[in-house]
Amino acid sequence: MKLRNPPVNSLSLELLTELVISLEKLENDKTFRGVILTSDCPRVFSAGLDLTEVCGRNPAHYTEYWKAVQELWLRTYLSSLVLVAAINGACPAGGCMMALSCDFRVLADNPKYHIGLNETLLGIVAPFWLKDAYVNTIGHRASEQALQLGLLFPPAEALQVGLVDQVVPEDQVLGAALSAMARWLAVPDHARQLTKNMMRKATADRLLRQRDADIQNFISFICRDSIQKSLQVYLEKLRQRKG
Amino acid sequence: MKLRNPPVNSLSLELLTELVISLEKLENDKTFRGVILTSDCPRVFSAGLDLTEVCGRNPAHYTEYWKAVQELWLRTYLSSLVLVAAINGACPAGGCMMALSCDFRVLADNPKYHIGLNETLLGIVAPFWLKDAYVNTIGHRASEQALQLGLLFPPAEALQVGLVDQVVPEDQVLGAALSAMARWLAVPDHARQLTKNMMRKATADRLLRQRDADIQNFISFICRDSIQKSLQVYLEKLRQRKG
Amino acid sequence: MKLRNPPVNSLSLELLTELVISLEKLENDKTFRGVILTSDCPRVFSAGLDLTEVCGRNPAHYTEYWKAVQELWLRTYLSSLVLVAAINGACPAGGCMMALSCDFRVLADNPKYHIGLNETLLGIVAPFWLKDAYVNTIGHRASEQALQLGLLFPPAEALQVGLVDQVVPEDQVLGAALSAMARWLAVPDHARQLTKNMMRKATADRLLRQRDADIQNFISFICRDSIQKSLQVYLEKLRQRKG
C-alpha cells in the first residue's frame, strides 16, 4: 500500500478515511494476509497530521478529524493483517504513529530520514494512546525523554532505541520489508492473530473506553488561541519555505 | 532439583504434580533457602508441556492438566525460595516458562540450546500470564515480536535480549548457578522475599483473579478440531523422528 | 540547588521539609523554569534517609517523617520544573530516589560514586512507589534483580542499565548538567509539562490513592524489634567508622 498525498503525505481527512476503508477491505478479503506500508512521495514517508485540518476550522471539523485519526490508529494497531512499514523517507509525528502500529519497521539508511514523535516542539502534546504505543515499543524511560524533548531519531539512533527493527540502504528497503513479511507469514495466521491481540488489546482498550473524552480533550486544547496562533505561525513558515 | 522425565522432561501431569509438591516441601523446610533447577536429561532442559496430555483426551483431563500448569507457574513465580535455573539443554515453551519463573538464569553456551516461547509455530497461543512474565523479563516490544514469530533464541541472542542473565561453557553451568545462588543468599531473606513479592504479585494476581476463565479458555481452544488435528500431526512427526 | 546537610546529606526531617518548601517556592516563581540538583558535600550526593529519624523514636515521629518522604517524592516526581541531577558523589537509597525523580541524570565518573536502591542489604524494603519509579527508569527485569540484590551500580554500569543518562569526568558534571538543562528548556514549557504529567501521573496516583496505607505499612515494618535492632547495629557501625 503506497501512501500518495503529495508533496509530503500529510494525513488529510480524506487520506485518513481512504486508509481506513482500504484496510477494512483488505482485512475482509481472505486472499490478503499482509500489507507493506510505504510512501510514493520522495524523501517523506509521511509528514504526519495535516495541520490545515486543525487550524482555523470549527469544532465540528476538529471532532470529525480527530475521530478519523483515532480510527486509523485503532484499525492499524489491532489489524489482523501483518503490517510491515517500509519507511523510505522522513517519518515524524503522525508518520511515526503509523509506523508504530506496524508489526515490523524497516528504515532507509539516510541521515535525513528522521523518525519520532516531535509534537512538543510545535507546542502540542501527543495523545495518551500514542504515548502508550511509544512506551510499548521503546520503553518508559526512552519515551519520557523522547516525548518531552520532541526527539527525532536518525536511522542509527532509531535502531538503537528500538524505534525501528532494521536499517538498510535506501534501495533495499522494499526487499527487506518483503523478507520480513515472509518471516511473519510463515507463522499460522490464527495463532499469530490471537497473540497479537493479546499483546495489544489492553492498550487499544484504554482508548476505546474514553474515545469521547479524548476528542473533547483534543478540541479544547486545539481551540486555544495560543495553540491556533502558534500553528498559524508554523504553517506560514512552511508556506514561505515552499514558495 | 534435577528434572528427570526421560527422554525430554516433558511436563506430564505427574511431573507437574511432583514439582509442585517438592517445592512446597522445600518452602516449608526452613533449612532450605534456595533451589537450583536443572535437567538430568542430556541436551534438553525441558521440552515443555506434554502434548499427549492435551491431545485425544476429555475436557475433565484438560481441566486437571491446565490447573496443574497454572499451579506450577504460580508456585515457582511467587516462590519465597531463591530459584536459579541452570539451563543445560534446549528450553522451549513450558521449559522456558519454568526458567522465566526463576530469579536468575544461566544458559550453557551450546548453539543447539535454544530458549523461547514458540507456541505460535504449533498453531497455539501462550496464556496471558506467561505473556506477562515474558514482558516483565524482556520487555513489551521484544515479547510482541518473539511471541508472534514463536522465536527460539540461541545463547548469544538470549543473553542480548535479556531472556537469560549469563551464558557460560557447558561444563560451567552448575558452577555459575552456584555462584549466582551465593550472591542471592547473601541478602537477608525477609527483605528479599518482600521485595520479590512486591515485584511479582500484580502479575500473579492477574491469573489468580481469573483462573477459571483461563481454564475455560484453554479447554475451548484445545478442543477445537483444527487444533487437535495439528497436534496429532505434530506428535506423529515426533514419533517418526524417534522411531 | 545545592544539598547541604554535612557530612553526607542525610535526608533529615528538616532537610526534607526545606527541600519541599524551596521547590514549592521555585515552582510558584515564574522566573524559574528549571533546577539543577547537586551536592555541597564532598564525595556524597546524598546518603539517603536519615536513619536516626527511624530508629528509637515513636510512631508519631515515624508518621511525620514518612509523610515528608512521600511529599518530597511526589513534589519532585511531578514537578513542573525541569529537574536535572548533577550527581557529584555516592547516591544510594534516598539519594537515588531524588535522582530518579529528575528529568535527566549526569553522574561523575568516579568508581566510588555508586548509585542504586540498596535497601534490602539493610534488611528493609523500598516502598512500592519507589519501585515503580525504578521500573519506569530501568525496566522490570533490571529492577527485579537490582532491588532484590540491593545493587549499587558504579558509573559505567549505571549508564548501561539506564539508571543515569550521562557519565562525565568529575569536573564536568555541572557543565554537562547545564547543557542538558539548555536542551530541556528549548522545549515550550506548556507542552513539555503536559507531556511529563502524562508520563508520570499514573505512577504518582498509585501513591496518592493509598498514602495512609503506605504510612501504616512503613510504621508497622519499622517498629518491628528485629528491624529496630538491625538499624541500631548499622548506626553503631557508622559511628565507630567515623570515630
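Couple of notes before you dig in:
The first chain written gets the first letter, and so on, giving A, B and C; residue counts start at 1 in each chain.
Keep in mind that, in the parts below, contacts are C-beta pairs under 8 Å (C-beta built on N, C-alpha and C of every residue); 3 or more make two chains touch, one makes a residue touch a chain.
Not measured: the values here are computed from a predicted model.
Contact topology of the protein chains: fully connected, every pair of chains touching.
Different-residue interface: subunit B and subunit C share under half of the residue numbers found at their contact. Inter-chain spacing, taken between the CA centroids of subunit B and subunit C, is 36 Å.
Residues of subunit C in contact with two or more other chains: 139. Listing the residues of subunit C that touch subunit A in their complex gives 103-104, 135-139, 162, 165, 183-184, 187-188, 190-192, 194-196, 198-200. Of all the residues in subunit C, the ones that touch subunit B in their complex are 119-126, 128, 131, 139-141, 143-145, 147-150, 226.
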